[in-house]
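In what follows, structures are represented as C-alpha cells.
Both of the next two complexes hold chain A, though its partner changes from chain B to chain C.
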Partner chain A sequence: MLSASKHEESRTHPGRSVLVMKLVAAAVALGLVLAFPALAPDPFILSVGVVIASYAALAVAWNFVGGLTGYISLGHAAYSGLGGYGTALLITEAGVNPWVSMVVAAVLVGLAAVPIGIASLRVRGASFVIVSIALVLILLLVAQSWADVTGGSNGLRVPRPFGTDVLRPEQHERFFYLFVALTLVALVLWWVIDRSRLGTGLKAIREDEDKAQALGVPTFAYKLVVFVVSAFMTAMAGGMYALWFGSLDPIFQFSILTGSYLVLMSLLGGVRSLLGPVVGAVIVGYAVEFFKNQYGDTQLHLVALGLLLALVVLFMPDGVIPWLTAQFDRFRPGDTSIREVDAAQLAEERKALEEAKS
Partner chain B sequence: MTDLNKHSLETEGLTKAFGGVRAVDDATVSFQEGKINALIGPNGSGKTTFFNCVTGMIRPDSGTVTYQGRNVTGHAPHRIARAGLGRSFQLCRIFPRMTVLDNVLAGVRSKGLVHRLRGAHNPDDIARARELLARVGIEHLERSEARDISYGQQKLLELAGVLMAEPDTIMLDEPAGGVNPALIGRIATLVRELNAEGRTFVIVEHNMELVMSLSDHVVVFDRGRPIASGAPAEVQNDPRVLEAYLGV
Partner chain C sequence: MSGPLLLQSLILGLLLGGLYALLAAGLTLYFGVMRVVMIAHSAFLILAAYLAWFFTTQTGLDPLLSLIITVPLFFAAGYGMQRALLSRLRPATLTMMSVLLTFAIALIIEGGLGYLFSGTQRRIQLGYSSASLELWGARIAVVKLVAFGLAAISLLALYLLLKKTRFGQALRATIQHREAAQLLGIDTDRIAGFGFGLGLATAAVGGTALALDATIYPSLHWHWIGPLMAIIVIGGLGSIPGAAVAAMVLGVTQSLLQIPMGTTWAQTVFYLALFATLMFRPQGFFGGRLAQRF
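Entry: the complex of A and B
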C-alpha cells in the first residue's frame, strides 16, 4: 500500500528535473529574444522582429478567448484597430501623453467589449465566427467613411512617442522590447487564469458548455470575463503598434486577414499551451515576411500560408508544442496505463484478494 | 427518519411542447426528500424533457418548479446547480480532453473573483477530488484523459464530478444504461450509501429490477404526465402502469 501511494506521488508531480529543464529552456529562450536587437544584422531584420513581437502579443491576447473557451474569433482586428485609432486620436485630438493614451484607449475598448461580448457570446461555433467577422467589417466601413475623424483611406498620422531625435533603428529596438514586455504580461495573465479554478471552468466550457453549466459553472460570466481581458490586451497591442508604425489605414487596421493570422498562429503553435501562440507567431510572422519578400506585391504569400495551415491541420492538428511534447514523451519511461509491480507486490495483492473472497 | 411527506423538489403543471408534441404535459410531481425516487415510463414519455425543465436546461412553456421551497422555474442551469440540485446526463457527458482529476475539479463550488483565481490544483480541492474518485473507484486513473477511459468508468467519473458540486439532490438519467451488471451493482451501492448520508435521489431508469430494488418511491410517466406514484410494489401492480407499458 505504501509503495502504491509513493508511486502515485511521483505520477502526479512531474519530476523536479523536468521543471528545472523547463526553466533553463525558458531562460535561454528569453535570453535569445532579448539579445535579438543586438544580433540583428540590419534595421530591416530588426523591424521584422518588431512585427513578430507584435504578432506574439496579439496572438497571446487572442488565445484568452480562443484557447481557453474554444470560441474562435476571426475578427480580433476590431479590438487592435480600435486600440490603434483610440491611441492616435487621444494624442492628436486631446493632446494626451502617448503611453497614457495607449492604456486609456485599451480600457475604453475593454469597456466596449462588455456589450459586444454580451451580444456575441450568446451564439456558439460557426455563428460566433460570423458575428466576429461582421464586427470587423462594420468597423472597416465606419473607419473608411468617417474621414473627418479617422482620415479615411488617406490614413491617420500618429506622432512618434520618442521624438524625432531618436533614430529609426533605435526606435525599432525600443519597440521590440516594449512588445516583448507586453507579451510577457499577457503570458503571465494567461498562465494565472489557466491554472485557476476559473481556468478549469473555462476549459470545461470549451469541452462541453451545457455540461459545465449543469455542474454549476456560470458559463456566460466566465466567457465574458476572458472576452473583455482578451479585447483589452489586443487593444494594448494595437495601440503600441500605432505608436511604432506611425500611421493607420483602415484597410490594414480592420482587416480580416490580421484576425486570420492570429488564429493560424495560435492553432499552429497549440491553443492549449501557454507558449503555443508565441511559437506560432514566430513561425507565421517570419513566413509572412519571408513570402512577402519572395513574391513581392503578388498575393502568392497568401497561397503559401494556406499551404502551411493545411500541413499543420493534417500532421499536427493540436499544434507544434503538443506535437513536440508527444515526441518527447515517447522516449520517457513511465506514464503508461499498465501499472508495473514487482513479484512481492503481486503476491501481496493476491493474498488480499484471497482474503476478500473467503 | 425523515418525514414521509416532506418534499424538496416539486413541479406544478409543468408543460413543454416541441411543435405540436407536448413532451411534458401539465405534470404535477413531488419527490420525497431524503429518499431514492425513481421516475419511470415508456420511451418518449417525457422523462428526459422533464429532467431538462427541472434543471433549467430547457425553459418550460408553463408551470413551476419548486426546489426547497424556492421557485426556480426558468433559472439558468448553473443557478439551479448551485442551489444544490445536481444531475447526470443520459448519454454520460464528461469533458473528454481534460484529465480525470480536472473533470472532477470542474465541479468545485467557488464564489467571487478571488476564490476563482485560486489555483485549481490547490491541496484542498485535490484532496476532495481524490476522495471522490476513490469513492467511485477510479482514483488510479486521475491522470488519464477522460476520453481514454471506458464508458463505465466515464459514468463513475460523471458521478464524482456531480458530487464535487456538493448537491443535496442528485438527478441521474439512466445510470445503468450501457454498463455491465457488476458496475450496475457498484452504482446501486453508491446510490444507497449517498442516500444514507442524506442525499435525495431522482433516478430515471429502464432497468426495472434496479428500480424496484433501489427506490423508495416511484413516479410513473406516460405521455408527458405522471399516471401513478407510490411504493415500488404498489406501482408494479397498478393497472394504469401495466396499460402504459404493455398497451393492454
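Entry: the complex of A and C
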C-alpha cells in the first residue's frame, strides 16, 4: 500500500509543479503585458501595441472555429468589418452609446452568422473556405457600392467614445487595456468550451467527422454554435477596433488579407493550444507592422507574408509551440509503454478489485 | 430595354462564360486530382496576362504568340508545384492546408507583380483593339471573339485529351479511384502532377485571352477567384461539364443583370447563387457522391 501511494505521489507531483510553473509564467506574462503602456517609449510604439492586442483578440476569436473544429475560415474579416460598420452606424444614425453599439452590433453579427453558418457548414472543408472568401468579397462589393449607408469607398467616420480632453496617447493606453480585457474574456470562453462536452464533440469532429457523427455527436448543431460564438467575438473586436481607429475604409475592413493574418497567427502559434493564437498574434502582428514600415511603398510585404505562411504550412502546421516542444523532447528520455508496477502490486490491485465487486 | 441591347448582353455573356468555363475546368482538374481548392489559380491567370502584356511591349508581336512560352512554362510550374509542394502535405489535413498553401502562393505572385511592374493599370494596344462586328444591331468587339475562340478551342482540346487518349484515361482513372488506378499500373503520382500542370495551362491560356481586352493590375485576381469558386461549387465540385454549364449560365446572367443593376451589383449574382446552392443542394447541380463530402 505504501509503495502504491508513493507511486501515486510521484505521478501527481510533477503535474502540480508544472501547474505552478505555468501559473507563475502566466502571471509574469500578464504583468509584462499590463506594464507595456508604461514601458512603451513613444505613442507610435504604443499604437503598434494596440494593433497587436487587437490582432490577439481577433485571432483567439478565429480560433473558436479554426482550432476546435479544424474548419479554416479565410474570411473572418467579414465579421470584424460588419462589427465595425454596425458600431459606427448605430452611433451615427441611431445615436446609441458607443459601448452599447459595439455589443449590439456584435449580437446582430452573431444572428447574421446563423444563416451563413447553415449554408457553409452543411458541406465539409473546401466549400466552407470558398464561402468564407465569397462572403468577404460580397461585403466589399456592398460596402463600396451602397454609398448612402456605408459611405462607399470614402468609408465612415466613427465618433470617439472618450471626450476630446482625452489625448491620443491616453486613448491608445485605454484601448490597449480594453483589447487585453477582450482577449482575456475570449481566452476564458475558449478554455471553458475546450473542457466542456461541446468542446469534446467539436474536437471529435476535427479528428474524424464521420466517426463523430456515427457516435451520436450532433455535429451540425455543435459546429453552428461555435461558429456563431466565433463570429460574435470577432465582431466585438472589430467594433472595438472601429472605436479606436476612428474611421473605416472598406478595402481594409473587408480584406481577405486581414483574414489570412488571423489564420497565419493561429497556425503559427498552434491552433490546438489556448495561448497559441496570442503568441502568433504577437509574432505576426509585429512582423506585419515591421514589413509595412520597411517596404511600405512596395508590395514586398505581401511576398513576405506569403513566404511566411507557406513555410508554416509546409514545416510546422501544428504551430511553433508544439514544434519547439518536439525539439526539446528530443533531449528528454523517450516515452515508453513500460508499466511501473511489478507483478505483485498488480495482483494486489486485482484482488482488491475482485473483493470490491463481490 | 431595346432588342439589340439585350442581344448584345446575351452574346457578351456567352463570350465571358466561355472564359469562365475554361478557367473553372482548370480548377475542377486540381480538385479532381488532389481534392485541392487552388486559390492561386486566378493569380496565375493574372500572371499569364502580365506575361502576355510584357511580351507584347518588349517584342511588339501579337500577345497570342506568348502562348508558345507561357503554356509549357505553366504546365511545368504546375507539375513542379504538385510534386514539390502539395504532395508534401499531410493527407489528413490536405484540404485545409492546401488552401492556405495556394493562398500563400497567390500572395507571393500578387506581391511580386506589384513589385516588378508596380500597381499601375496596364493594357495591351493592338491594331484590332477597337475593331468590332455588327450583328442585328449588337456590336461585338473582335478581341472578345478572339478570346472566346481561344477558350473554346482549349476547352475542346482538353475534352479530347481527357476522352480520347491513354493519358486522359489514366488521368480520369486517377480522379475516380486512386488506389484502383494504382493497381492497374498507373503511376498516379506522376499523373496527378500532369493533371495539375494541365490545370495551370488553362490559366496561361485564360490569362492571354484576358490580356487581349481587359485592363490588368496585380490585385485583379481577387475579382476572378470569387466567381470561379462559386462556379465550381454550383456545378458540383469535381464535375467538368457541371462547371462549364454553371459558367455559361452565370456568365449570361451576370451580363444581363448589368443592364438594370450596373456592373458592381451584377457581380453579386455569383455569391447569391453560391449561397442558394449550398442551402438547397450542397453537392451542386452536377456533382455526385464526391462533391457532397467536400
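Just so it is clear, the second predicted complex is superposed on the first by the 312 of 358 C-alpha atoms of A that agree within 3 Å, B and C clash if a C-alpha of one lies under 4 Å from a C-alpha of the other, contacts with A are read in each partner's own complex, and residues count from 1 in each chain.
Rule of thumb we're sticking to: a contact is a pair of C-beta atoms (placed from the backbone, for glycine too) under 8 Å apart; a residue touches a chain by one contact, two chains touch by 3 or more.
The shown structure was predicted, so the numbers you read here are calculated from the model rather than taken from an experiment.
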{"item": "First, second, both or neither for A:Thr200, with chain B first and chain C second", "value": "first"}
{"item": "Which of chain B and chain C A:Val192 touches, first, second, both or neither", "value": "first"}
{"item": "Touched partner set for A:Arg168, first chain B, second chain C, both or neither", "value": "neither"}
{"item": "First (chain B), second (chain C), both or neither touched by A:Lys351", "value": "neither"}
{"item": "Chain B versus chain C as contact partner of A:Ala212, first or second or both or neither", "value": "first"}
{"item": "Chain B versus chain C as contact partner of A:Leu302, first or second or both or neither", "value": "second"}
{"item": "Superposition-derived comparison: chain B or chain C, residues of chain A touched", "value": "C"}
{"item": "Chain B versus chain C as contact partner of A:Arg157, first or second or both or neither", "value": "neither"}
{"item": "Which superposed partner A:Arg124 touches (first chain B, second chain C, both, neither)", "value": "second"}
{"item": "Common interface residues of chain A - those touching chain B in one complex and chain C in the other", "value": "none"}
{"item": "Residues on chain A engaged by chain B in the complex (per definition of touch)", "value": "11-12, 192-193, 195-201, 203-204, 207-208, 210-220, 335, 337, 339"}
{"item": "In the complex, chain C residues that touch chain A", "value": "31, 35, 37, 39, 85, 88-90, 93, 95-97, 99-101, 103-108, 110-115, 119, 218, 222, 225-226, 229-230, 233, 237, 262, 264-265, 267-268, 270-271, 274-275, 278-279, 282-283, 292-294"}
{"item": "Chain A - residues contacting chain C, complex", "value": "70-72, 74, 118-120, 122-127, 129-131, 133-135, 137-138, 141-142, 144-145, 256-257, 260, 263, 267, 298-307, 309-310, 313-314, 317"}
{"item": "Contact set on chain B toward chain A in their complex", "value": "55, 57, 76-78, 81-82, 86-87, 89, 93-98, 102, 105-110, 115-121, 125, 140, 142-144, 148, 161-162, 164-165"}
